[in-house]
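Reading through the structure tokens given below for one structure.
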Amino acid sequence: MKKQKFILTIVLIAIFILSVVSFVGAKENVRIAMLVKNLGNAFFEACRDGGLEAAEELGGIELIYQGPTTPTAEGQIEIIDSLIAQKVDAIVISANDVDALVPICKRAMNSGITVISFDSGIAPEGRILHLAPSSSEFIGRSQVKMLANLIDYKGEIAILSASSQATNQNTWIEWMKEELKEPAYKDMSLVAVVYGDDLSDKSYREAMGLFKSYPNLRGIISPTTVGIAATGKALEDAGKSGKIELTGLGLPSEMKQYIKNGTCRQMSLWNPIDLGYSSTYIAYKLVQGEFQGKEGEVMKVGRMGEIKIGPDNEAVMGEPYIFEKDNIDKFAEIY
Amino acid sequence: MKDLFRKREFNLFIFILFIIFGVSWRTPSFLYINNFVDILNDTAILSMVAIGQLMIIVTGGIDLSVGSSLALSGMSAALLNQYHPGIPIFMIILISIAIGLLLGSVNGLLVSQAKIPPIITTLGTMSIYRGLVFVLCGGTWVSAHEMTEVFRMFPRKSFLGISSLVYVSILIVILFLIFLNLTRTGREIYGVGGNKVASQYVGINLKKIQYIVFTLCGGITGLAGFLWVARYAAAQSETAIGFELQTIAACVIGGVSITGGSGTIIGVVLGAFFMGIVYNALTMINVSPFWQMAIQGFIIIFAIIINTVMDKRNQQLMLRKRSFNE
Amino acid sequence: MNKENSVLDLKKIRKISLLNIIWQWEIILLFIFIIVIIINSNLSPYFLDYTNLMNTTFNFIEKAIIALPMIFVIICGDIDISVASIIALSSVFMGMASQAGVNTLGLVAIGLFSGTTAGFLNGFIITKFGIPAIAVTLGSMSLFRGIAYVILGDKAFTKYPASFAFFGQEYIGNTMIPFELVLFFILAIIFGTILHKTTFGRKVFAIGNNSTAAHFSGIPVNRIRLIIFAVTGLCSGLASILLTSRIGSTRPNIAYGWELEIITTVVLGGVAITGGKGNIFGVIISIFIIGFLIMNIVVGLLLILAIMLPELLKRLKPKNSFGNVKK
Amino acid sequence: MNNCIIKMKGIKKYFYGVKALDGVDFKVRTGEVQALIGENGAGKSTLVKILTGVYQPTAGSIILNDKPVQFPSPQVSQKAGISAIHQEATMFPDLSVMENIFMGHHIRNKSNGLLSWKEMKNKTQILLDKLELDIHPDTKVKNLSIAQRHMVEIAKALSLDAKVVIMDEPTSALTLKEVEYLYKIIRKLKSEGKAIIFISHKFEEVFEIADYFTVLRDGKYIGEGKIADITVDKIVQMVIGRSLEQMYPKLEAEQGDIILKVENFTKIGVFKNISFDLHKGEILGFFGLVGAGRSEVMQTIFVWLGTVGRKPLRR
């Protein structure tokens, strides 16, 4: 007994010493941390690829890709704290909560870190600028237009969102409701907004619930990549393909199946690679002092061309791309 | 017949009927056959895994890793299908069961051989298995078009209007009804949970039983992993997060004693069905999504209290009856 | 029976040697803690920076504050998985009050009160109906967070008085020691004293070892359990104040999934999940170990390996010629 | 002596180097009741645990039907026809009487290997009838009285077709009436040719029911013999090593003032109108059948005293 304990003690001390010896020196690169809503999300994996592209193009960038395992603000705060401790040069963040991250991001900026948000924003006081893939108003309104075209401006529609706390989805939904007030949509009514929490099983069951609760449902908008795929599957399983139209924001690679078989005839999304590329690019230029991040400034962002910083220091990249049967194959290869 | 009324399961059954009646009074379409088929589909996976959980809880343990091992075996099945579409479906099913058995037996070994309390073991493997999902898929998803038609459609194939998903779960229910009620090992599971010392006196191998229940639960979870991924046609790293609590809730509602020793499969299946019905009903009568969680929580507590109170009352009745006999 | 006891005592006496002191649970934990620190400082040369070290504590002190009463809960043989939901509930109530213009002091009172009430409700149902704690708190976990969703829906409370930010964001004087950290250590001393130096603490251990025997020894078992659950609620309310103050806003999904992290911390700290055994020092070290890691595969492995060590040692020991003594 | 079924010779058992049993000899005969006598801690339970395979002896041999045997586990011992009714609760409270009887040796259908509940139920009914017990086989054990539980354990021993039945202080929690009933059953078992080991430290019981005796003291074998050939005093001397007068010298006690007065004490549904006085220097006995409410009264008084002025807490 004694002997074994002794051996184990020695082993532990050896681990101890090894861990001291394996000291890794600091690097000279500009270190940019891309902090996403959660790991294991295909959308953000594509953003990372874009970020890596920018890093390669500009050179001298070390891109740190990080995110909590579940999409929570607390998880992101924890990571930002460790990023501050690591003294990274910039943080590019897609926020899980518009307000909760403000205090920690302020602290990050106070310790000299450049903080910008992309995709899903932080309140203005918590970042230098926000890079929106497209204007929230445009996204919200265009989603409704797209669905209206599919159902001839008639019938009941519903929205299947991510979590009820998702900042960007909530803003888009506000704009969708705004658009629906236009006279053109007088024959359309929004009967329900449900939340699938970005989990396939919950989204699937919520979609099934919609079919049952609203037998006259004509269309569903799902402005989230998990939700739209799960709804597609639910439509297919319930035999409602074609009877209920589906549109929203989805990744081509995820939605290929449902676009091909007509379950979802049209959907849109911006290019997450471009989004990751631009935000990394802008973060680097801000760190180097080549961009100022002031309202009204026009930034030249590599292959993306010019992006202008609008009110509230929000920059808008462009319009989302619309995917249909004809072009889905091409894009499913990319993201 | 009188005995029937004294069973916990019966209370729950009445409670379910009560809810069905209440809801269909407001929304008659709740009573449609189609709706019940859907509820069956929704509760199939939950009931299966809850049966695995039941066996572990009956021995006095708990398994918090079912959600993670479900995700891991499901992800493995999906990746296998994606990269080797030629592998026949039954092989994939067998492989995912095997992976589940493996994950379960790791839990079982840690509990029975290393004597780590089940809650700690599975708390640990919960993080480990979930971590392995990330490692396995590298953060990407396997989505519908990357799966073969056979793979995706397996749970939907239906016969007499009922999907194979439901048939599989019925098969599991029957298999384990036989296992738990008609084999010695099955009864020994109850013995271990009822009284560890006594079970040693009658020669039950505690370690063997602990190992068996964790492994079997793993096997069921592995099968459920495949069904889950195939049914939702998506394998993600977040698959079945928080599922362990649902299975435990199904057991608790189904009258399984959380301290071990008692609990029946019928009770657990009813418990799972109960949860499915509540969820379905809340959606059907258009309860705001923000109210659903609170109502579910309230109903769980209510059901547990009713269950406990009724059980105590029944026991008192039995005692009184006994004293008359004496 | 007497003989076996005296034998065990003999064994204990023989145990005192340097190696055996090293193999005390707390020492092992301390060792793991040092390894974590070293690995971290290798990963980032800035890790050992005083300010950073202090700032990192913000992320786990709220959990740590709940871990303290959780020690009592688990030693009693119970468990409370509704604590994270109590945080959400208290935070929502504070948000409502703040919206109505209640000042900082009032918010603190509301946070503590709503937390205590929720904890008391748990304890009441558990003791009144004699239902296992895991079953009740499983339900109240959904109920409490559900109520938060009902009140808040998809909105958020963001307007808190400026002075409210003190609790979760400020430091003591200009020492760079967070207020939260100081508060935690004060509470740790209080809880440690109660657990190890008062009759109340001994009663808690008695309940965890054998609640029937405790009951027959005149210990008001159910009242003590009720108090412990209420205090757990109180501390969850306190944690809610700190967290709400730190992030300056409230959403119903706040502190989601914290319950398992808190329980893991307590268990890694050497508190027996079956009740009746544990001490506060182990838990404090374990709080800092897990705090400086992020809950992931490493923590899972750590948990299992650490708990496995004693059994592993027993395994290595050659079987003595007297055969196996079964209990 | 040819009806001797078990012989244990020179049994030694050490726990961590401390002797619990030191060279004990023990014989059991078919159709007879063999009493095992000794004070608490004399080693009776240890000996029984060795015989039932729970413990392994450090030294010594067990001879069953003239053949040396070893009992490495309880099952082996059980298979050899030895069955014990342990002092501690060794039942499964949440399972039925039937299942408690058959746990560990459930009856299986020969054709398909699955359990045959029907047969088990029949057998249980037969066993219960034999023991004149009016319990339904499906009753959960947690709803039985202590005496009934003992009977179920005996039924279990019978179901195993045990040749040797060990009863470890079976009377300690029974009322007089129940003890009488137990004796009846024991005599019945005896007449069927079972060997019974009866462990007790109550001498009157031993003289009432046993045929042979073996005395242990401090883990040592002291002696054995026929009950018919010995007097109470002699046995007592063997057990405690001194005479009875030395052990319990008679002292006169002063009866003093009343220190506890209980009047019309009632707990609804459990007991009612309990009144008694307790004086200083007095031993007050409470008499009644199991279930009469003796313990309940005491427990309630105890809790009540601890929480004077408040409603006693119910568990």
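So that you can tell them apart, the chains are marked A, B, C and D in the order they are listed, and the count of residues begins at 1 in each.
Everything below uses one rule, namely that contacts are C-beta pairs under 8 Å (C-beta built on N, C-alpha and C of every residue); 3 or more make two chains touch, one makes a residue touch a chain.
Since the model is a prediction, treat every value here as computed from it, not as a measurement.
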(request) Pick out whichever of the two, A-C or C-D, is joined by more C-beta pairs in contact. (result) A-C
(message) I'd like the Å distance between the centres of chain C and chain D, where a centre is the mean of that chain's Cα atoms.
(response) 45
(request) Starting from the mean Cα coordinates of chain A and chain C, work out the distance between those two points in Å. (result) 34
(message) What's the distance between the Cα centroids of chain B and chain C, rounded to whole Å?
(response) 29
(request) Just give me the whole-number Å value for how far the CA centre of chain B lies from that of chain D. (result) 42
(request) Would you mind listing the residues of chain D that make contact with two or more other chains? (result) 54
(request) Enumerate the residues of chain B that touch no fewer than two other chains. (result) 130, 200, 257, 290
(request) Could you tell me which residues belong to chain A and also touch two or more other chains? (result) 69-70, 164
(request) Go ahead and list every pair of chains that touch. (result) A-B, A-C, B-C, B-D, C-D
(request) Mind listing the chain C positions that touch chain D in their complex? (result) 1-4, 6-7, 10-11, 130, 215-216, 218, 220-223, 322-326
(message) Which stretch or stretches of chain C touch chain A in the complex?
(response) 17, 19-20, 22-23, 31, 34-35, 38-39, 42-47, 49, 52, 55-56, 58-59, 149, 153-154, 156, 158, 165, 168-169, 243, 246-249, 251-258, 294, 296, 313, 316-317
(request) Spell out the part of chain D that touches chain C in their complex, as residue ranges. (result) 14-18, 20, 40-41, 54-56, 58, 299, 302-303, 305-307, 313, 315
(request) Using the touch definition up top, name the residues of chain B that touch chain D in the complex. (result) 3, 178, 181-184, 187-188, 190-191, 194-195, 197-204, 257, 261-262, 315, 318-319, 322-323, 325-326
(request) Can you check the complex and tell me which residues of chain A touch chain C? (result) 1-2, 4-6, 8-9, 12, 15-16, 19-20, 22-26, 69-70, 72-74, 77-79, 81-82, 84-87, 97-104, 107, 163-165, 170
